[in-house]
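Contents: one structure, followed by commentary.
Here the chain labels run A, B, C and D in written order, and each chain numbers its own residues starting at 1.
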Amino acid sequence: MSAASRKLRYAMVGGGRDAFIGAVHRKAAALDGQIELVAAALSSNPDKARASGRDLFLAEDRNHGCWQDLLADELKRPPEERIDFVSIVTPNHLHYPVAQAFVDAGFNVVCDKPLVHTPEQAQALVNAVARQNTVFGVTYNYTGYPMVRQMREMVRSGVIGAVRKVIVEYHQGWLATAVEASGNKQALWRTDPAQSGLAGALGDIGSHAENLLASVTGLEVEAICADLGTLGVGRTLDDDVNLLLRLRGGVRAVLVASQICVGCENDLRLRVFGSTGTLDWRQEQPSQLWHLPLGESARLLTRGSVGLCAAATQATRLPTGHPEGFIEAFANIYLGVAEDIRARLDGSQATTADYPRVEDGARGVYFINKVLQSSHSQDKWTLCD
Amino acid sequence: MSAASRKLRYAMVGGGRDAFIGAVHRKAAALDGQIELVAAALSSNPDKARASGRDLFLAEDRNHGCWQDLLADELKRPPEERIDFVSIVTPNHLHYPVAQAFVDAGFNVVCDKPLVHTPEQAQALVNAVARQNTVFGVTYNYTGYPMVRQMREMVRSGVIGAVRKVIVEYHQGWLATAVEASGNKQALWRTDPAQSGLAGALGDIGSHAENLLASVTGLEVEAICADLGTLGVGRTLDDDVNLLLRLRGGVRAVLVASQICVGCENDLRLRVFGSTGTLDWRQEQPSQLWHLPLGESARLLTRGSVGLCAAATQATRLPTGHPEGFIEAFANIYLGVAEDIRARLDGSQATTADYPRVEDGARGVYFINKVLQSSHSQDKWTLCD
Amino acid sequence: MSAASRKLRYAMVGGGRDAFIGAVHRKAAALDGQIELVAAALSSNPDKARASGRDLFLAEDRNHGCWQDLLADELKRPPEERIDFVSIVTPNHLHYPVAQAFVDAGFNVVCDKPLVHTPEQAQALVNAVARQNTVFGVTYNYTGYPMVRQMREMVRSGVIGAVRKVIVEYHQGWLATAVEASGNKQALWRTDPAQSGLAGALGDIGSHAENLLASVTGLEVEAICADLGTLGVGRTLDDDVNLLLRLRGGVRAVLVASQICVGCENDLRLRVFGSTGTLDWRQEQPSQLWHLPLGESARLLTRGSVGLCAAATQATRLPTGHPEGFIEAFANIYLGVAEDIRARLDGSQATTADYPRVEDGARGVYFINKVLQSSHSQDKWTLCD
Amino acid sequence: MSAASRKLRYAMVGGGRDAFIGAVHRKAAALDGQIELVAAALSSNPDKARASGRDLFLAEDRNHGCWQDLLADELKRPPEERIDFVSIVTPNHLHYPVAQAFVDAGFNVVCDKPLVHTPEQAQALVNAVARQNTVFGVTYNYTGYPMVRQMREMVRSGVIGAVRKVIVEYHQGWLATAVEASGNKQALWRTDPAQSGLAGALGDIGSHAENLLASVTGLEVEAICADLGTLGVGRTLDDDVNLLLRLRGGVRAVLVASQICVGCENDLRLRVFGSTGTLDWRQEQPSQLWHLPLGESARLLTRGSVGLCAAATQATRLPTGHPEGFIEAFANIYLGVAEDIRARLDGSQATTADYPRVEDGARGVYFINKVLQSSHSQDKWTLCD
């Protein structure tokens, strides 16, 4: 059976009962009927892992208690049963060992962000992917929204002229109080340096903001001036991020991200100001993109309407006015990965599939590292290489 | 293998290549990993049906050229292979024969709306479902939105006092021009009385508006004053609906629905005015529900936030600020149907599952019939029984 | 001193302490430095009238206890002192006698709406104004908003093609409870047929909705189907208005107006659906006008921006983004009246000044009358002459 | 005639034909019928000054060709004719000499912002006002909005707990192109260091942002990290402002202000994040204030509604839903000044009148100075005294 005539098979590492993002990955992968879950190691606790797998109707012999068993088992299976890729949705500290092991074993990977803890790990992973020539997607899921892709196309094709200024902001309120002290599982690991890494809000949502900015504008960060805060009582990692940035060509940018903004839900917004127009997108109204052209009335572009670019249109499932959301955007990342994997199964090397790659993940890790460096510096600007 | 330990199996009738709503049903059914498509007759054209089935990786022996073959084949299969239900997503005129045949054969059914063409057909179907004791869901999908369920709970539990007035409006623009003349497939059958029935916009979107009003308020329509228009050139069915209504207890309501409103996308809005508060919901921002309590500031309730009712919370997959959309709401209808089917497989008779039933579909058919009667009358009020 | 080199002088009848709309008229008249208040009879209670006049720094000899004294005094004064016009801002039942007396005496008049109680009074006033050749403005103030004028221009010049449908709605909540029973002065007279006339919400805000519809579209009402409600406990006049309309050429319209919509503030909205575009304006965001052109992205037109029509631009004081409001719109009505009065003082007969005239007020009275007739009829349609 | 029984009299310096802000001051002063314009020197060009004064119906003998003549003439007049205050609405470079001269002569002053060019001038003016014991208002007009006053009250009374973070942004687009090169009068002087001072957008709108932040939170700026840009071709002054701030107690703030944001109108927004709530106000929807309380639904507070603080209520003229705007907010500054002047005329020393004083203007000048210093520094933080 050729790859074109069957669903792709994947395994999941992490994402057991009570986890948030694993379930999102599964729904995203299932949505379009292109991908099926066939194996898993859903928790670092073997009992919980297996119980979680039974919830998902997994076959007993592919429902593993740890990711090492999953990997070993897959390597023993014949190609026609073997997974086409693995999805890694564990807390951050496990991204690196799991991803490295699966890449080294020749598997394609989808990994959540931030990719890994250190630039060294990131570089090792980039090297491994290049060596193995595998597919490696990073779920910077916000780039999966059709109107983000429309925005990218408009910025890069010059519809708003030269980029002059960028503001990206990401406000949440869920860490406004010390929820980690009352047993919120996600808050617990996200505020724990051992699991989350040295960056708190910076790693969790600041990295999304960086990727969105970079993905849409294509401009690298050249210099950073950071003021990070830790406002939650008893917390050690940052929960409030304030950055002045200089992008390639001296373009000024402001990046603010915070998880202590009471009442803010998932308020990610990107504004790009060009010499002949402005674009403004908000994640909470993801089907809308404001375009303010110089000297004309503001225009509200909507997902699914006529005249959008191919990348936006291809990422769209429903007509205008029929809301798509977070899962659909997430699913677009999976569709991009699947396109690349199918191409390889068919013997070609797809390069146009639209999803964030291991290099994007690595760039995010470098960025986090440089922001932390700036936050400890008294110099206004910390330069990026 | 008990029903609790496997996915439910379903077949689809209609929804082949180029169809709109069939793909939505499939994504909705797939989303939560609870239901799998195993058989189909995807088009009234056998070649197209089979080609469409291959796109979906269907097994050859369950990929049928017509719904009669599908039904016959299922009846021959052993219970452990047989479908748990069929989804009917054809143009309207086929809803009745297909649904009647599957119910008569003892199958559970999901059917799109408007249910059937005539009150007589509706009654026959209601009778058959009662006789067979099968599960029958109608995809009035807008009632699947969590904030619609929240609104229903607030209205019915008296949070806004006695209902005094209701306004429901549904504006689209896609039939503003004679798109059916230029080959738009959906426009073609929707404007064709042979396929669509005697109601145009009234049947397509007016029926959604009626169901939303009825579902949220629980108030039956007692009298109707209708003014229907047909504005599209060369069109015979209505494309513009304007109704004054009297609901149970004399409550006044206004229902406007139109498909000639240039630039309107899928602008369904329900406002319920009570003696101590107002509720306002718009489909295009489905995660928001405005509550205007008497003498206090307006409150914006959002999906996923604390304090919502159980029905809203259970219909929610993501935290606040992470948009859910049309497919997720649709999937909630499927989850309701699945809950009922699993209960029957387990030998119980679930009654609390949250989805529109055959009686709701029948009530919609009666409503359409009475609106058409009023539109031909010179009396102000046409009474409902 | 020619009329061009001085402010216009006016007197006010009604609008004393505690009154609402009189103070608005005074601010509107004062705003642009073109008009000054020099005389008044501010209440039907002589003591209150004079106390109110002292609040406004009126000269003692022009601060009258009743409107008859004001009129008599003005007639005695030399032309260079005499008022250029009178503003009538009393409860409705006094509009007619005061307006008729001042017109008969040759004075220009600004009068609040609804103009008078009966079509016969309205006709008498129209005749008197024609006979006396005086200026007579009616403060349908919403037509003073620049973006309403822009909308009018766009509709009438065919930017949205042929008008196909109109929806006008006006929701308030201030009469949701029996506030008149607790001494709210305005609620008291507005719910009293002796002062307010036979129409409640219909006269107060339904008349604004009618005028807005008529002013923007230029289409007369040909037939009315009315369902009026009285929901406030102990109330005799309508507080809830639901109308189906047919406009000239059979165009369908819906007009809903209600004062029992808890939490609604002053939610007047007009949508005009044309064959090639839609226009949508809301009073609570008066500087915005949505234009949805066929096949293109929605455009948000804003007051003060380039490309608007002359009527909108001339009615604008501030750049875009600097909010203008209710008083500024009201002031535009006064500027229109002032332009006409100055023209007459200079010997010309201005005809292009932009304000609602006595005929517009009379049409509103006829409309109210026909709506009341329809509300008592069992026929679907009550025809207008 | 006591001060209580007459309008206050004022003169205007600057604000002739074609000027923007002078006309706004005049409308604001006129709006409430408390203040009348009796004298002026409306331009630095004597002919234009006098022509402008005739447009306003000024008496010939009080319509001056230069401000020195105005001052000399006023000093000669008897108290019962003399102005109660002067309004200075010239380009920035004239604020200081005119204000100093009038204060030194014992007159009360209203002056536009930024107050003066240098901290030394600001200090001299503060000293003079203290010495003369005169009233001196600075038209930071945005603090005149009722909902800004409501926000101030809520922040200062602890409704949102301890202030944790502040974001203030002010985006305009009118200097996105080199409009000064095509003769736009206001652009010409605003981009000219000789008239505007050393700060461009920083002085024009950054100063408003600073005042809004300071006025609402009451927190002084302790340290500044500035990145200023000059993007307009041929421009020497900044048109793009990006600041990280530390407020008293180490509270982090971000201030961004720019005039090159194509399509932005007058987009001033202030968000204050507290430990138990968030407040969010936008100038373009000035009657709305979002309050996001911890653990509860978002609330939309509206001007004129019940439950607002006295400062907001007293600054309100119209019921909810009847938009007030920029001029009404501006007029509230004038009412504050007038209250203080009337108090002094009556022999008391009012201290509670609500308007920005000379000290607020001076603080703004210090702020601008420190921002410019930081923008030339390589240190991350420039400390304020």
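The definition used in the following text is that a residue touches a chain if its C-beta (ideal position, glycine included) is under 8 Å from a C-beta of that chain, and two chains touch if they have at least 3 such contacts.
Quick caveat: nothing in here was measured; it's all calculated off a predicted structure.
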Selected interface, B-D versus C-D, where C-beta contact pairs are more numerous: C-D
Roughly how far is chain B from chain C, going centre to centre by Cα mean, in whole Å? 44
Please report how many Å separate the Cα centroid of chain C from that of chain D, as a whole number. 34
Rounded to the nearest whole Å, what is the centre-to-centre distance of chain B and chain D, using the mean of the C-alpha atoms as each centre? 56
Touching two or more other chains in chain D are residues 264, 298, 302
Building nodes from the protein chains and edges from chain pairs that touch, which of line, ring, star, complete or other describes the result? complete
What does chain B use to touch chain D in their complex? 291, 295-302, 305-307
Mind pulling up the chain C residues that touch chain D in the complex? 5-7, 20, 23-24, 26-27, 30-33, 37, 54, 56-57, 172, 174, 264-267, 283-286, 302, 317-328
Write out the stretch or stretches of chain D touching chain A in their complex. 160, 164-165, 167, 169, 173, 176-177, 225, 227, 229, 231, 240, 242, 244, 246, 252, 254, 256, 258, 260-264, 271, 273-278, 292-294, 298, 377-381
